[in-house]
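Look for chain A in each of the two complexes below; its partner is chain B in the first and chain C in the second.
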Partner chain A sequence: MKAAELIQALSDAGRTPKQTILRSIQESGKRPVGCFPIYLPEEIIYAAGLLPVGLWGGKTSMTEVDRYIQGFCCSIMRADMELALRGAYNFLEAIVIPTYCDSMKSLLANWGIAVKTPKTLAYIIPQNRYSSGSLDFILYQNEALRTSLSEITGRPITEADLEDAFQLYEQYRAAMRRFVAMVNDYPVSLNPVNRHLVMKAAWFMDKKVYTEKLNTLMDALLKEPKETETGPRVIPTGLMVEPVKLLEAFRENHFVFVEDDLAQESRQFRTPSRTTGTVMEKLAYRLMDLRGDTFFYEENKSRGSRLIEAVKQHKADGVVVCMYKFCDPEEFDYPIYKKELEEAHVPILYLEIDPQMDSVEQLRTRIQSFAEMLNK
Partner chain B sequence: MEKQSSKQMLNDILKRHYEDAQKAKAEGRPVVWSTSIAPQELLEAMDLTVVYPENHAAAIGARKDAPRFIENAESEGYSADICSYARVNMGYANIKHSDAADIPMPDLLFCCSNICYTAIKWYENLSKQLNVPLIMIDCPYNYSYSVTPAAVAYIKAQLLDAIGKLEEFTGRKMDWDRLREVMRISNETAMWWKKATDLAMAKPAPVSGFDLFNYMATIVCVRGKQEGTELFKRWYEELEERKAKGLGPWDNAEEKYRILWDGIACWPYLATTYKILKKNGINMVTSTYPESWTLLYELSDLAGMAKAYGSIYASLSMEYANDRIVTRARNFQIDGALFHSNRSCKGMDFKQYEFQRQLESELGIPSTIFDGDQTDPSVFSEAQYETRVQALVEMMEERKQREAMK
Partner chain C sequence: MFLGIDIGSSSSKTVLIDREGAILGSEVVNIGTGTNGVDLALDRLLKKTNVQKERILYRVVTGYGRMTYQEADKQITEISCHAKGVAALYPKARTIVDIGGQDAKAIQLDANGAVENFIMNEKCAAGTGRFFEVMARVLNCNLEELANLAATTTEYVPISSICTVFAESEVISQLAGGASLAAVARGAHVSVAKRVCGLVKRIRVRPDVVMTGGVALNQAMANCLSQELELPVVVLESPQTVGALGAAIFAKECYEKKL
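Up next is the complex of A and B:
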């Protein structure tokens, strides 16, 4: 198959989460477990013989959730709760919810009362990753998750299961990093829309199948001549970039996402795993070693300097701030890295995004103006 | 000599609190900025001067001086959707003066995440912006009725880390005897705080609940000091005396309805929110918030302290939070509840609808919710508040009549 067809196939998979999940269930014979944003040790779920799938909200009318949570809450959390209350997640075996912010903690509190199916598993994260007690706390959470999942499947998760899952995910993460880097040589084929949808598909597929497909895609693409694009070379930063209509506005203006600093994308896989220790320890250290991320406390926060470094490395024209409305942690980070970027003369495009918005016209205009300002 | 009233003591303490901080700064001694329910025992035992930005922001809010600080913070990129205490404090870090009160700039930051994770981001930013070290003690969420042993171990490890960092910062060793003494004092102050606020269980309550909001500023800043113990003991004695005489909250009005207030006070409209309640004969007898300072623990080791700080209701399951509010409603014999949907505090807000249902289904207690903010004056509407309070009065009256028929 040609690269374009492979890109199309994975983009389609990323565009239609539910169908992709159902197909993955059918093909793999595995039972699905929903994974809430932002970071979870998916390897443990995979090692249990279950299929981890991402739950990143989506556009939906909100009626049920209004009985629990006010409107000024993160739209992803609200959408996920709405869908759960309407029974849209009943096909899942369980849902794992971590605790990265106040909204997630409150959502989890309500969830325990309001959502009876599927089974809810909490994954409690430590915000302090520098303490002598941090590692033990994460290991405790990992073991608790392992026990809960074993109860669901009725079989223990062995060390060998964990090792296999870990190795597979290492290959997956390596493939993702390679894919992100390839955008620079193939910015037309891997335009912002395709780039996003191909990566998003990973959330809904068996990682083994996905990694094979992604590697095949990249191998096919490498056989084709390198491409050039005329628009701004930028680094998006934030939770994620959606809806697709918004990404289309970037594509129309020939933007190239030379790298990303998005929770849904590179922050998931950019931190290399440690090479020593048990699998559980390596999983814990990946959370502990993640830097420049909004959702963990970080001493002398490094997000700004990392963005500046990435801009230099890729000779990028600017940074696109994708600010999801009511995302407190992201909103707190912004004034700090904004100042650092300004001091380094890095142009910034600030977009406030509400995933429930009907029209992206205003944002489209701002994207266009930003490109014009950069003379691209 | 006549005993000083608790109100006088309160005013003196607060005045001295801010003066001492300025004096420390002027004399070159370090000043610490701390979150409101942090293990201040460690700082007190190290003889450090501490001020509390949340207290300070509330004082600025009550003085209606918040908007210029908020505008300053927003001009730097802070979103109007984040906690207004944080916005006021970030603005203050630039402007450095308010007629409400002044605090010296910090040499050390001390943050405990048991109140919220927002505080982590806030202090992380302060640390970066002011280039000041930060000691962060994280209290994780518990998807359970009580704090888990894993969480206790994690918090205790951080308390020990914090002691090490404080020793490094001050160049002095921790005096463990002094720490034990401060822990003892802190427990005693917390006990008198609880005893005093619990007197509002009496019918009529010998105290107007809005006093809780005034006294709260001191439970935050002198919990570990002997003067704190004395203040709340004195307050308790005064209220006990009023109770013995059968006196209600006011000399010129009767307590017709007793309510629970959920959420932080609406500081810019403290007088307005109070007067409208009083006009309707409503006394706020209890609140979900001030109880957070009833931090009682075994004095023997740091694990007990870790557990107490990790057990704030924000960190526990909804089942726990529900039981807590229902028990409170029962103990204080409330007729209704008023929920402040405070745009600054998502952690508290997002439990309110469930609390309303619980009070209704468990005890048949009516409630209402109004929009406001702890310091940003642009959110609150007096007309909305008054309408909601009137609706609450009608519901409470209907309930009273129903109860009378039984």
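Up next is the complex of A and C:
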């Protein structure tokens, strides 16, 4: 198959989450487990012989959720609970919900009385990742998850299961890093829309199947001549960039996402795993080693300096801030890295995004204006 | 001749300039995107200037309705066009506050008049022309009368609701409680000024500050904004057509680049 066809196939998979998950269930014979944002040790779920799938909200009318989560709370959490209340997640075997922010903690507290099925597993994140007890705490959470999943499947998760899953995810994470870097050589084929949808598909597919498909896609693309694009070279930062209409506005203005600092994308796989220790320890250290992330306490916040470094490395024209309504941690982070970017003379495009919006016209104006401002 | 068209949410504007950049005429029709406002504004401009359509060498369209207007050679955003128009009319400008029918923008200019940074309001009517329309309806007057009422007093009732819909209820309560029409009208102006000031301060405010857009026709609003910013606010002679003028200048530049 040609690269364009492979890109189209994975983009279609990313564009239609439910159909992709159902197809993955059929092909793999595995039972699905929903994973709430942002970071979960998916390897443990995979090692249990289950299919981890991402639950990142989506566009839906909000008729049920107001009883449990107010309108001024995180739009992704609201969408996830709305979908759960409507029974959209009933086909899942279980849902794992971590506690990365206040909205998630509150949602988890209310979830038990609001949502009866499927079974919910909590994954508690330590506030402090650097104390001597942090590793023990995360290891305890990982073991608790392992036990809960074993109870669901009725079989233990062995060390060999964990090792196999860990190695597969290492290959997946390496493929994703390679894909993100390839955008610089193929910015037209991997425009912001295709780039996002191809990566999004990973959340709904068996990682073994997805990694093979992604590697095939990249090998096919490498056989084609390199491409150039005329628009601004930028680094998006934030939770994610959606809806697709918004990404289309970037594509129309010929933007290139030379790298990203998005929770749904590169923050998932940019931190290399340690090479020593047990699998559970490596999974714990990956959380502990992640830097420049909104949802983890970091005494000397490194997000701004990381962005500046990435701008220099890629000769980027600017940073696009994707601020989802109403993400408190991201909102509080913004003034700090904004100041650093301004001092480094890095142009910033600030987009406030409501995933439920029907029209992106005003955001389209901002995106086009930014391109005009940069003379692109 | 070069034509600039600005299709806003509540009005359509056209400006025609000649090869030397001199303004031949401008026209404003108070209906915006999705209506025949743009056709009316163009027809009237051509009649007024006695110019045949065929003599127009290049057209640039801007504004909220720019994406759906098919007859232009190029579309450019209102951010760039307002900056271009203001830089031509008032080169000392470093900050532009543009308040239109449904959005408010602050634009920072460099010494050459190029856009250095910008910010737009969130998707909300507060701090825009729409807020005044709602207030005028509550007070049973038109926009001009609302502005005149506000200019008669410095006393005002505070309108604390950020949401326009809640603010409408708040004003009705104030009126029921005996507040004067003038104090409510002034309160509406102060409320918009505070809201816009908050927006403008998210980018650096540097003098001279120029106000554009339809709301700039309201002198009471310009005064309230000046007080909130603690800086003089310059209102250009025809603030509504600045975006269309910028579009016309872009049209001339694009045409000359092509030659």
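In this text, the second predicted complex is superposed on the first by the 376 of 376 C-alpha atoms of A that agree within 3 Å, B and C clash if a C-alpha of one lies under 4 Å from a C-alpha of the other, contacts with A are read in each partner's own complex, and residues count from 1 in each chain.
The working rule: contacts are C-beta pairs under 8 Å (C-beta built on N, C-alpha and C of every residue); 3 or more make two chains touch, one makes a residue touch a chain.
Only a predicted model underlies this, so the values are computations on that prediction, with no experimental measurement involved.
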In the superposed arrangement, does chain B or chain C reach more residues of chain A? B
First, second, both or neither for A:366, with chain B first and chain C second: second
Pick one for A:122: touches chain B only (first), chain C only (second), both, or neither. first
Touch test for A:313: chain B only (first), chain C only (second), both, or neither? neither
So, A:357: does it touch chain B (first), chain C (second), both, or neither? second
Quick check on the superposed pair: does A:72 touch chain B, chain C, both, or neither? Answer first, second, both or neither. first
Note: overlapping chain A surface for chain B and chain C spans none
In their shared complex, chain B is touched by residues of chain A numbered 67-70, 72-73, 99-103, 105-110, 112-113, 122, 124-128, 130-134, 136-137, 140-141, 297-301, 323, 325-326, 328-329, 331-336, 338-339
Inside the complex, what are the residues of chain B that reach chain A? 73, 76-79, 81-83, 86, 90, 113, 116-118, 120-122, 124-125, 127-129, 134, 136-138, 140-143, 150-151, 153-158, 160-161, 314-315, 317-319, 321-322, 341, 343, 346-347, 349-354
Quick one: which bits of chain C touch chain A in the complex? Just the residue numbers, please. 64, 67, 76-80, 103, 114-120, 122-123
Touching residues of chain A toward chain C in the complex: what are they? 347-348, 350, 352, 354, 357, 361-362, 364-366, 368-369, 372-373
